[in-house]
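Provided herewith is a single structure, encoded as structure tokens, for subsequent inquiry.
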Amino acid sequence: MARVTVWNEYRHERESEVVAEVYPDGIHAVVADALREGGHEVRTAILDEGPEHGLTEAVLDDTDVLVWWGHAAHDEVRDAVVDRVHERVLNGTGLIVLHSAHYSKIFKRLMGTSCSLKWREAAERERLWTIEPSHPIADGIGERIELDEAEMYGERFDVPAPDTLVFTSWFEGGEVFRSGCCYRRGRGKLFYFRPGHETYPIYHREDVQWILDNAVRWATPTEGAAAYGGNRPVDPPES
Amino acid sequence: MARVTVWNEYRHERESEVVAEVYPDGIHAVVADALREGGHEVRTAILDEGPEHGLTEAVLDDTDVLVWWGHAAHDEVRDAVVDRVHERVLNGTGLIVLHSAHYSKIFKRLMGTSCSLKWREAAERERLWTIEPSHPIADGIGERIELDEAEMYGERFDVPAPDTLVFTSWFEGGEVFRSGCCYRRGRGKLFYFRPGHETYPIYHREDVQWILDNAVRWATPTEGAAAYGGNRPVDPPES
Amino acid sequence: MARVTVWNEYRHERESEVVAEVYPDGIHAVVADALREGGHEVRTAILDEGPEHGLTEAVLDDTDVLVWWGHAAHDEVRDAVVDRVHERVLNGTGLIVLHSAHYSKIFKRLMGTSCSLKWREAAERERLWTIEPSHPIADGIGERIELDEAEMYGERFDVPAPDTLVFTSWFEGGEVFRSGCCYRRGRGKLFYFRPGHETYPIYHREDVQWILDNAVRWATPTEGAAAYGGNRPVDPPES
Amino acid sequence: MARVTVWNEYRHERESEVVAEVYPDGIHAVVADALREGGHEVRTAILDEGPEHGLTEAVLDDTDVLVWWGHAAHDEVRDAVVDRVHERVLNGTGLIVLHSAHYSKIFKRLMGTSCSLKWREAAERERLWTIEPSHPIADGIGERIELDEAEMYGERFDVPAPDTLVFTSWFEGGEVFRSGCCYRRGRGKLFYFRPGHETYPIYHREDVQWILDNAVRWATPTEGAAAYGGNRPVDPPES
């Protein structure tokens, strides 16, 4: 069981009727409910929740894993909050980055690259193939999951080569994409998961929720990743 | 410029009229000609060239990079020759493993895994997407190459995660595959390249030949990978 | 809790009084006791336990993680048993390889390289530094552990680059060594752990036992790594 | 042959007599001379060379590989210049980061982590062991190089796991450090090389110069890493 904070930009859902039909209470509500069913202790936070976007030090003190969804308002996330989240991840807080959050400030900060990709909105078929069947995030998933209608994301995805590539997507229109990417940054674990989008009910799917639950468990910091490290002068070890 | 030996099982071409039409002098002849045009010094060897399959110590002494194609007769390659090639690769000789040679003794030996995969012969469209555009093997290739008719290979490809994943294939029928995989084993460099098959004229393609040429250059041992190492007792470095 | 089988060559302990003083009931007994205290269900097996070295199909059916120690009699392990263990690991059984077992048949088989290294027996000081503090195998360990007297193993260690490098050793005499190396092979997880040796009481140490317990937990197969895969023809996914 | 720009903070050399004795014309002058002898076309640039620190667009247009040394004035490098260099690296320009530049803005930006480490100034012995003897940066180096007097850098070095670990250092006082780390970021190649320091004549050494020359060759962009990519919508590939 992890203490999870699901963060959502939460703009599309309030501005578009099409999106509101799919996620009437916001994407965060659906993801949070799914993780609660998995036994986690879950809170949510949104962009418009005050100047800290709901991510106060107190909230982060109480967060093992942060789930992040954003799309249209990445730039409105204040740098001070990005700094704070960045520091937390380097100190062990897990981070699950969803779909269009590939372009969030926090993901780009942690990757050090442009995080650009190709895309197409054509409600096309996507198949996520399991590349590492024994990875905990693939636990229980089988050889693939299939989404009838998805936005396409295509390579070249400009990220560092993942420490572990768990899923790769196939798209009806002819592209492939590294859809499930694990990274270790500092003492934190980070998982980028491609499926999503505000106009498709993808986070309502049981298999997608299962993967998110696996990812939260995987990203939960171990107790022993105690705070040491830091830039500091040292004497020789006593011998 | 590298000294290259292109090894071919060379059975399909002599036994099947269909294959002979595509590769009248054998797959090895087409690959060797292409590499010669790239400026390399190329010889060929085949399974039925004596008890050492043409891979004598003298031939291997004169080989920087070995290209390997096999399919129907993997088991006829003698273990002593596999041992010899294995030792050469660990000591620096480059190895390019083509298509169905994923199931060759030498590739399985170097991977340590089953190297199994899924396949389908349906003359379907394949697109190889460049995942690492700055890798030397992708040099000059652009974002993808496209093969009109190919045999499908699908994940789960049971190999260790490649040191660098250069290409990933998309198949019309719905699968993906890690099609260009780099490995370092001992002091040798190894590249697995998926495209091929005896009934499609894939090795006649200019873009495929270009990739093979890039791969040979990449796999050529550096002069400085001097022979040290080995299991041996040592005194402390003189201080 | 995992079902663990600790396998030991168990020759030094019976042939050398010096070794017998350190490990009167064998290295396997000490390691097994330590893992039992961690809550695991542990059995042991030895080289001289019949033609299958105690590793029958029934024993392996009941094993989640296999711990392997060998040194002087690697060659006496029958190939049929190595084949069997190899297949098990590829299908998910965890494997912990200790110290001089770097030269065991099963480790060399899984690595595909020579696994050679340099060594020196000079009872010198070793420090294992934690390279990845947030890795589960480093959980609770802190920045280093220190062994007063150890056999030296030095680079170049001829193995594939580990998927994750958890520990690196420093030796008084001037060498370094990648001492804690994680690999995924097939659906199995493998951890090579350097410390050990038959003449030093290293497996009696609490910190070393803690790491072994962490490693067993990490290597335990997930339930969901269901048996799929294999080399097989397929039809296109139904669309 | 590459077009190289050696960038230096160039403060210590002008402010400290001790440093000026080791590097009277600056560290950049010594490194530049060494690379010129290797046949490269080399220019230098320094922090105090105008508001762009000598790294104008014109200079970068004419640069294949940028070498970076900084220590005391990382914060004085303007963010606009860091942005510019960052974009260049992601588009293919090679980057060699030396010693205390582990804490430069550009390195931290590309790594996404704190890049912190431990250090000690005790003029102690350092041995760099070659971990990957067949890597082009280790070409001609042999199993180790030895520095009589060096500043110690010790793990935990808070960087992402390198794509390839080429060298690991041993220090007399008891620490280890990943001293030669290769990364691919975007289309650029990056090499972090630990040895250095302003008060030791390390960049005057022939073996260190040899490694820098190897690193420049390795980091030089391939011609074919043509500018594609970018975040952009696409139509399906024509079929």
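Every chain is named by a letter (A, B, C and D) in the order it is written, and numbering of its residues begins at 1.
We take it that contacts are C-beta pairs under 8 Å (C-beta built on N, C-alpha and C of every residue); 3 or more make two chains touch, one makes a residue touch a chain.
All values reported here derive from a predicted model rather than from experimental measurement.
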| item | value |
| --- | --- |
| Partner chains shared by subunit C and subunit D (touch criterion as defined above) | A, B |
| Same or different residue numbers at the subunit B/subunit C copy interface, by half rule | same |
| Between the pairs A-C and A-B, the one where more C-beta pairs touch | A-C |
| Per Cα centroids, the chain farthest from subunit B | A |
| Inter-centroid spacing, subunit C versus subunit A (mean Cα positions, whole Å) | 34 |
| Geometric centre distance via CA averages, subunit B-subunit A, whole Å | 37 |
| Interface hub residues of subunit B, defined as touching at least two other chains | 127, 132-133, 143, 154, 156, 161, 163-164, 174-175, 184, 186, 228-229, 237, 239 |
| Overall pattern in which the protein chains touch one another (line/ring/star/complete/other) | complete |
| Residue ranges of subunit B in contact with subunit C within the complex | 90, 103, 109-114, 116-122, 154, 156, 158, 160-161, 163, 173-175, 183-186, 228-237, 239 |
| Subunit D - residues contacting subunit C, complex | 127, 129-133, 143, 154-156, 161, 164-165, 168-171, 174-176, 178 |
| Of all residues in subunit D, those that touch subunit B in their complex | 92, 125, 127, 132-136, 138-144, 146, 163-164, 184, 186-189, 221-226, 228-229, 237, 239 |
